[in-house]
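Both of the next two complexes hold subunit A, though its partner changes from subunit B to subunit C.
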Partner chain A sequence: MSTETLRARLRLPGLDATNGVWPALAVALIVGGTLVALDGGSLFSESSTISLLQRAAGLGIVAVGQTIAILAGSLDLSVAYVISLTSLVAAETMAGSDGMVLPAILLVLVVSAVIGLVNGLLITKLRINAFIATLGVGLLIKGYLEQGYAGPAGSVPVSFQHLGYDRLGPVPLSFLLFAAVAAAVWFTLRSTRYGHHLIATGGDLDVARLSGVRTDRVLIRTHVICSLCAGIAGLYLASRLGAGAPRVGAEGGYDLESIAAVVLGGTVLAGGRGGVTGTVGGVLLLAVIDGVFNQLEVDSFFKQMVRGVVIVAAVAVYALRLRRTSDRRKAAVA
Partner chain B sequence: MQPDSDQPLLRMRGVGKAFFGVRVLDDVDLDLHPGQVHALVGENGAGKSTLMKIASGVYQPDAGTLELSGKPVTLPHPRAAQAAGIGIIHQEFNLLPERTVAENVFLGREPLRRGLVDRRAMHARTAELLAGVGETAIAPQTRVGRLGVAQQQVVEIVKALALDARVLIMDEPTASLAEHEVELLYNLVRRLQQRGIGILYVSHRLTEVFDLSGRITVLKDGRRVTTLDTAEATPDTLVRHMVGRELSHYFPERAAPGSAGAARLQLAAAGNGRLRPVDLELRSGEVLGIGGLQGSGRSALARAVFGIDGFRTGQMLLDGVPVRVRSPRQAVRAGIAYVTEDRKGEGLALSQSVLDNALLAQRAVQPRWFARAARTTTVRELLDAVEVHAAGTGQEIRYLSGGNQQKVILARWLAMKPRVLLFDEPTRGIDVGAKAAIHDLIRRLADDGAAVLMISSELPELIGMSDRIVVMRDGAIAGELPAGASEEAVMGLATGAATSTEVPA
Partner chain C sequence: MSTELATPAPAVASGLGGGGRSGWGVGSIRPVLIILALLLIAVGIRQPDFYDPPVLLAFLKRAAPLIILAAGQYFVIVAGDFDLSVGSLVTAEVVIAARLIDGDPAATWPVIALLLGFGLLIGLVNGLVTTLLQVPSFITTLGMYLVLVGAVYTWTGGSPRGALSEEFRMFGRRGIDGVPVLGQLPYAVLVLSGVAVLAVLAMRSDFGKVLLAVGDNPRAARVTGARTARVRTIAFLASGLLAAVAAILLGGFGGVSFQVGQGLEFTAITAVVLGGVVLGGGRGSVAGAMLGALTLQTLLTLLNLLGVSGALSSAVQGLIILAAVAVGTLRRRT
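Right, the complex of A and B next:
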């Protein structure tokens, strides 16, 4: 028992279930770096590092939100459409004027929070399966976007484009924003009651409820935060594109990509186990793979295939490890 | 024994509850006084757990009222019950294996410091509470999934205590405890009683009911049959109230000495990480009892034979033929069945029907079309034989009472007509009436030529059922005893106080 205590004390926050992604990231960097070098390029040049981090930022912010939805035993398939919608809300409200930046940001946050609220209410009060509920809400938004917009609309003032293009050394501002969102959520999970209740709800809804957790509220709140993350990503994309784009979310595949990043990071799809640190690793891993393929100029079909293989392999490894630990647990009981 | 305070802590009047139109509780009254242990007994499915869940805010009653210290209350959520000082240890497992002991104990009530969860306080309080129940081996930082069943039960108890409850409900708290841990629980219950806490105690073990309680309420088919002082009750009257008929529980007749058939299962120096090399012979037609304390390697032995944690060394023979069983599937195909002790955790497809669950093992190893009709008929007969109370064989198994779920699993394995049957605590959580039926069934299987290995912590059952008793200690066989050995002899071997002359380890 004493070694157990020691191990529990030494355990680094969040690295417990998710450490698999870091070696994978190292391997990807080494193998990818070598391949790119053989091809005559460099994966670690300033320009490619910057574009890599930038790519990570947008997906990362969404994936952090997705992480808590999945941790809570839920899921959000509407994020891609929320991104498109909020990029439009931002750009149209700003309409090129500096003075409207702040109101636009606030409006985006309100809109995305309301969408999250709807998701949460559908799931908890009407007991609709999260997959169906969020897909439905997503399609509703999609319908609205297709009805109302043929192409990009609105415009973002230069002052707001700093978010998309400024850097601190080699680190893009947007990446810092991603880091800040991730850190905030990490801290929430670790040190707030809500965070503890969220993990408990995902671990076992009945146990959480019987222990006095108001699981409905937890789930609703989680969906609001997840949607807010998507809204922030929408803001970022609007600042990058200089306008709102009705298909930017869906074309970027932010729904499935964010889920992939979460799973790569070791968060269990059934909920209750995992964390934000792993997701950061998962996001970086996907960004590196992307970066490598872009530099090698491989065709996109092959690229998709490799990503698929990586994700399936990761899930298989995690499943295997999970089974081993649960076997060990049962053996310990005997 | 009843403390003379006329104001009950908890008063339930005319409580009724129906699920999907099926009446589960009807006009039930119950009073619990401070410092009283009030036992609640009844057959599987009588409604005990449902009543307890109403008292703890999990279910809302359709009829009736609840009063706490004279004031009417409604408990719309478990949280409301907690706030009112009602703690409950559920019959089902109620912990998160992925979270630490402290996180589980304080789930829903995490201590705060400047608005944030105060881990240090949480760990300190948990350690205190654990020490308070005499359990110092568990660190608050340990993940619950790493603890054994008994230790997890201690955590459940501590979790309920952390509330500072005035009313503590225990729904079959000893179902997963070994003998010496039960003693620990007794002490705990008495200590809480002295602090003036009212305790509602659900159990199928009448010994516990008579040892602990001051008053007893008997439920049958959702109605209160009677409430009486324990001093006025006898086990016989109690059983009559519960079952509604006279029940003299004699164990079925053992096999005639020397009548056991050929050796079915033989182990020759078979061992693995958890078991020192074991020599054992199990004959067709006999019931071999395995005694020992929790953790002595009894379950490890069954798991090894069944191929979950297979043997690494030595040999295993089935009907004289050496076999290697590396997975449960191979074991099932070789004609071995295993009824595990943790039937809730390992055995059920919760959202499937009773019938599907009962047919699971057969379907897994036989083609679908194989003797389909016959299969279904046998299973139906078996479900009847073990007295499963369900709305029908099509009902989802999650809605069955705890004891009835166990009976379905039992039926599942019996339906396999196995050559070798491994039972791990076959009647744990099962009511007195059905217990006798299961004992008869086990004996009948042996008489039909199966070889039965039965692990049991209940000494009367172990001694009453077995043709031979093998006692284990520290992962090895401590000795063997003949049929009808005394409880002292079994405990002596199990604890190491005595050594056997027959088969030295």
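Right, the complex of A and C next:
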């Protein structure tokens, strides 16, 4: 292994050179805000800020979980179906009664943790490639959902809908939930042994194992946390929609979109580099692009094209910067 | 994904030639052949006339697009990349064809040429962005997927317009009549045979050997003088071109809709993996990939014959994939 990669691996997540998402977010806010202002609207009005933050919350919670899966050198394609499933579990268990809110939340957490555990075991014990393992688990859940549900089911009591609709000043409660999840995971990555082992595992699985990291355990735990995040997003969507929706996850494209948000935030797809703060930036950037196009009443499909280009362009810039910094290091060594 | 690193250095037995056409080793086609044989026997029991040449040919005709897509995806995967854009490319091709032909028979051939060119162009962009800008192909082709879906919707204003000419549909629907024994020989089967022969020849040529070497160990391939960027780009060109061919056949069978290509990228990747090809590159044969697609199609036919609803079939599909891949990797370890 060359010295620069060694050095890079010793660095903590969040201090990564690839983290260019914040300047991009600033540019998007300035350019987008100006465009919307020229159009006679305002990107920073209370109502548009609220809807922007609300849009960010759902994807954001999933993306935080996806971040650690990718950091660990894995990924999770089952999250979209986990979201649909847990929204149904939540709404059907609650069935409109206030007393069932807490049991429903607990059940959702258990269900999503079990799915994460299955993902993790398939990847570590049966050594199935993460892409195929989580795709297969996703297909299983998809089959169950399509077999059992034709449309929305269950209902959520008004008390639980506060999560989807209430806010503190201009900040929706759901966004605070996103912030809390992100902060918890950020802290875990930065300050716990598990967090450091996770980065090591993602950087180089064999080296981590040879250094005494129990990589299987790290990967399983990572997948459980990733699924839990998807379950929390399912709870949020249930409270927002008032019922469970069997297709809400797949139609929202939460699987690929969450991966896109993570990568936009500077986390390297191969694992070992990046962090949660970047992902928060990536999610906000996607939400700002969304918000700007909504305000300008641009066709939503055109928005998707722009999104595709932005994601690829961002990663191209990161790749370029990574090469530059490693060239510079090589020059410094020489 | 670096989880692949978890496997101990794979058996050299399969060799750099990588075909691994015999034995149980990595990339072997024997497991998929056994699964396929079992499935074919089951289908034969359920539908006794399945082995009548016309019925068998009709089955192959239905399987042709997926097998062709799997061959294209194989080139990309064996070089260590992904192509997530093929599903949206198929949709785009069919929608473009319908709009440009608009029922005019005279437009058929020019439009077919245009479609093939468009497939090549998309492959070229995917390849160049991945190799020159060093964007991971997962992201490049995910971005391309977003762009293509968005572009198709924007261009058509939300619903497909126009119609395909009968001459265009001929490739997917008709065949050469009056062939002895076989009855009608579908054009789709002819196209499929052509693609299969060319794909196997390509993998036996120098190009194929370099492609395998690049997927196996990119750095070693580069050091030994292989033009890695060029072969990887050619792999993307092949994937784009074959997606266009598959789209022409699919346009023949079915109607024009935005759903033609939905999810085909994952189905194709699944087929390739089922055929013993390892995600991450370097191992597996193109024959295996195509057999994997045939196996998947046989499985769907069997589920259909058994009266398993379409909804549940995705669950069974998920289960079979997990089982097949798990058995494959466990064998590899022993």
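Convention: the second predicted complex is superposed on the first by the 310 of 334 C-alpha atoms of A that agree within 3 Å, B and C clash if a C-alpha of one lies under 4 Å from a C-alpha of the other, contacts with A are read in each partner's own complex, and residues count from 1 in each chain.
Heads up, the rule we're going with is that a contact is a pair of C-beta atoms (placed from the backbone, for glycine too) under 8 Å apart; a residue touches a chain by one contact, two chains touch by 3 or more.
These numbers were taken from a predicted model, which means no experiment stands behind them.
Asker: Using the touch definition from the top, say if A:R214 reaches subunit B (first), subunit C (second), both or neither.
Answerer: In the superposition, A:R214 contacts subunit B only.
Asker: Looking at A:R273 after the superposition, I want to know if it touches subunit B, subunit C, both of them or none. Which is it: first, second, both, neither?
Answerer: first
Asker: Under the stated touch criterion, name the partner, subunit B or subunit C, that contacts more residues in subunit A.
Answerer: Result: the larger residue contact count on subunit A belongs to C.
Asker: Given the touch rule stated above, what does A:D204 touch, subunit B (first), subunit C (second), both, or neither?
Answerer: A:D204: touches subunit B and subunit C.
Asker: Mind working out whether A:S191 is in touch with subunit B, subunit C, both or neither, as first, second, both or neither?
Answerer: After superposing on A, A:S191 lies in contact with subunit B but is clear of subunit C.
Asker: Where on subunit A do the contacts from subunit B and from subunit C line up?
Answerer: In subunit A, positions 204, 272 sit in both the subunit B and subunit C interfaces.
Asker: For subunit A, which residues are in contact with subunit C within the complex?
Answerer: 73-75, 122-124, 126-133, 135-144, 146-147, 202, 204-206, 215, 219, 256, 259-260, 263, 269-272, 299, 301-309, 311-312, 315-316, 319-320, 323
Asker: Please output the residues of subunit A touching subunit B within their complex, sorted ascending.
Answerer: Against subunit B, subunit A makes touches at 1, 4-5, 8-9, 190-193, 195-197, 199-200, 203-204, 207-214, 272-273, 325-327, 329-334.
Asker: Please output the residues of subunit C touching subunit A within their complex, sorted ascending.
Answerer: 1-7, 84, 129, 133-136, 138-140, 142-147, 149-154, 158, 266, 269-270, 273, 278-280, 309-319, 321-322, 325-326, 329-330, 333
Asker: Which residues of subunit B touch subunit A once you look at their complex with the stated criterion?
Answerer: Counting only subunit B, the residues touching subunit A are 58, 77-79, 82, 88, 90, 93-100, 103, 107-110, 112, 115-117, 137-139, 141-143, 145-146, 148-149, 159, 274, 297, 299-300, 303, 308-309, 342, 346.
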